[in-house]
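Chain lettering (A, B, C and D) follows the sequence in which the chains are written, and residue indices restart at 1 in each chain.
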Amino acid sequence: MARLMNTAVEELKIKVCEANLKLAASGLIFHTFGNVSGADPQADLMAIKPSGVPYEKLKPEHIVVLAISSGEVIDGTLRPSSDTPTHLEIYRAFHGIGGVTHTHSLYATAWAQACKDIPAFGTTHADYCNGPILCTRELDDREIKNDYEVHTGKVIVERFKGLNPLDYPGVLVASHGPFTWGKDAMDSVHNAEILEYLARLASETLKISPGLNQIKQALLEKHFTRKHGPGAYYGQPKNK
Amino acid sequence: MARLMNTAVEELKIKVCEANLKLAASGLIFHTFGNVSGADPQADLMAIKPSGVPYEKLKPEHIVVLAISSGEVIDGTLRPSSDTPTHLEIYRAFHGIGGVTHTHSLYATAWAQACKDIPAFGTTHADYCNGPILCTRELDDREIKNDYEVHTGKVIVERFKGLNPLDYPGVLVASHGPFTWGKDAMDSVHNAEILEYLARLASETLKISPGLNQIKQALLEKHFTRKHGPGAYYGQPKNK
Amino acid sequence: MARLMNTAVEELKIKVCEANLKLAASGLIFHTFGNVSGADPQADLMAIKPSGVPYEKLKPEHIVVLAISSGEVIDGTLRPSSDTPTHLEIYRAFHGIGGVTHTHSLYATAWAQACKDIPAFGTTHADYCNGPILCTRELDDREIKNDYEVHTGKVIVERFKGLNPLDYPGVLVASHGPFTWGKDAMDSVHNAEILEYLARLASETLKISPGLNQIKQALLEKHFTRKHGPGAYYGQPKNK
Amino acid sequence: MARLMNTAVEELKIKVCEANLKLAASGLIFHTFGNVSGADPQADLMAIKPSGVPYEKLKPEHIVVLAISSGEVIDGTLRPSSDTPTHLEIYRAFHGIGGVTHTHSLYATAWAQACKDIPAFGTTHADYCNGPILCTRELDDREIKNDYEVHTGKVIVERFKGLNPLDYPGVLVASHGPFTWGKDAMDSVHNAEILEYLARLASETLKISPGLNQIKQALLEKHFTRKHGPGAYYGQPKNK
């Protein structure tokens, strides 16, 4: 049992290190900004980048592993990312998620700073998100002063009440920046790239047509269901 | 006869694969977005990228070949691009076209999302297009729900009623993105690059002068006819 | 005498080819857009890029040499750039200029399309230009229809009536794009890069402060004379 | 004593040369724009880039060393940067600073030209600056005409009256551009990169939400103190 757990921990550290290096190579981050975590929810494990370590020096042995349920460090000697409590809240509340990425990427952060949802202005957006990319409410002063990173996670979870987070690539935290998720760490990095492109595309669209409305509901659903769910016909059949 | 057909099919697959790789290298696409087709209208053949296949793995044997007239697959084992019916409608209606490219490139897509024609704000535009770059009308709900990709092709064709599509590098599909065309697959990729530059240039111009009008008709015609048609005097004589 | 002339011609072709390749490497041009000429006014010679030849294939033997006074081709078998008459008008009117560059670079062209002077919004601009970067008037229909490229040169010359063109890195032709000049072909390419940066900087400034005025006259003069003229104290003394 | 001084001078020249080369590689500068200095305040030494020397040719022996107190050249044969008196004013007034960088980087300069403070629109900003990035007042005509570079330093110092300059990565000089500082020359280059990113992020935010206010004071303080001061918990403990 201990050996099995050990293997799961080591595999997760390797995958999370790779995903952090992929993020660093993506151009979405600047200096030490940003972090990626990966989870093995059945094993109650989350692995995350250590705080403030330059990406060019990052190795699997630097990755910190924690128990999702308790938040206790299981493996690693460095201090985990200061955003760790936010990642934990997301894994605890959203089922089916195996990776979370946080960046301060330019356009997604600009929308987050504007405290605005990114409207679905076209089919590129609809291919990835069944509605606007949502922005959380702002935290109140009490939430900022005590357990700030926990409350950041809680306003994310609150925003998806009654919604399926898997229909979205991620979320914008008001006055802060994007968190994205996916089936594993690498998939959450991919969604960080997608979200940045959608944010930039929406900004450029708004400059041409400042009062534009979201696309028709029928078009939104058509494109989302073309790629997602039982009727999807984009890409190759899965058994190919 | 069968052998001749075979050769035409294989040549088209190679050219269409090359044009898709050129598109991937152009910076206009993001992940698996976008697709290029090429046609041999005399032989009733169209070849197109398979759906959702990463560009870095694309080889001629992956390209799918269809009959333009019937839309039936003639060669290839993968599922063709989900936009295939749109490409077929364009080849069926527009004569003299041997290639079509579809992208979600940033600035052209922003104009498409804004549902606006790109005005001819200067001579750079006039060098390539004898008037605004046109945007289609939006599809209605019935057109979206049934045979969506066919109707996307039909609104493109409808937009050019009474116009010569060869006077334009391509079109913007409302709420969606650009389709460009050319004498072959590679030429349609070139026009995708041109259209993106014209779209970006128009956006930057609009930011400086929000209410700007199209350039004078005389200047538009001067630049277009300097490069196109019997009086052209740009470039070297064809027999050089 | 003939041999001396021959040497002058060959040297000019090499320098103009190098300057065109530098322009191609600068990122300011797109496909075959743009051209650079160089002149030896004492020898009545101007050398210019041939029309529509891809930069990657350009060699000194492709460069076309003309007499400034008559516009007749002296050397070269290819057709010169279609903008040749514009370059000739500039050399005929402006003394002390040995190179001219024409581009459709993004931000400078956006200002030209907006038909607006670029105001001197800061000291970066003042380091290179003793006032706004000027935009010509629009050509009238008659000027467009007959000898279009000659009239393009004439509106440039008209714009500098009473001004010293050497106090400016170049000009914007309304609805068209920038022409820059310098002491030789390479210097005019350098000024094309400077002008593009100043144009972009002005655009970004305008987005933050839409109604901004030009900087104080004293600051404009201070920075221009810090780098230019008898009181200049920027850089190293010339005899170093 | 003379030998010790000699070593301090040589070390400073190497560090300042490295920091200037780092700045050149950062993409923040254009041609010969920009300069970095480093200081050893205990030894009364400041080393700075020579004026108008191309970065690709810069070597430690070109760096000019001056006495901070008197401004006299102690070492070096080239003319120091024309902005030297501004750097000297900063070192004289702000204690704890060992490096100063001046650039004309695009977005920071656009804000400086707009003569506006950069508001703290989000936590990315708050991670680096405990309030807006400040812009100086404009110089008056007398200050421009006499000892211009000294007065540029003086309006910077004036702007921080009653504030701690170490709580800021730098300043915007109105109608001019940014000066940043840090614990040494390299750190001031790092802050030039940070400032440019914050300026760009603020510009993009403003385009989405033109009338946006600064973030809540509680959030500003939370993020700044998370990274700076006695309660900081970002990064690894210093003894690691």
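For the reader, a short list of remarks on this structure follows.
Simple rule for what comes next: contacts are C-beta pairs under 8 Å (C-beta built on N, C-alpha and C of every residue); 3 or more make two chains touch, one makes a residue touch a chain.
Keep in mind that this is a model prediction, so the values were computed, not measured.
Rounded to a multiple of 5, the C-alpha superposition of subunit A onto subunit D involves a rotation of 90 degrees. One simple way to say how far apart two chains are is to compare their mean CA positions; for subunit C and subunit D this gives 34 Å. A straight line joining the Cα centres of subunit B and subunit D is 49 Å long. Chain contacts: subunit B has residues 207 touching two or more partner chains. Under the contact rule defined at the top, the touching pairs of chains are A-B, A-D, B-C, C-D.
Within the complex, the subunit C residues that touch subunit B are 30-33, 50-53, 78-79, 82, 104, 106-107, 109-116, 138-139, 141, 144-145, 148, 175-177, 203, 206-207.
Of all the residues in subunit C, the ones that touch subunit D in their complex are 121-124, 190, 193-194, 197, 200-201, 204-205, 207-209, 212, 215-216, 218-219, 222, 226, 233-237, 240.
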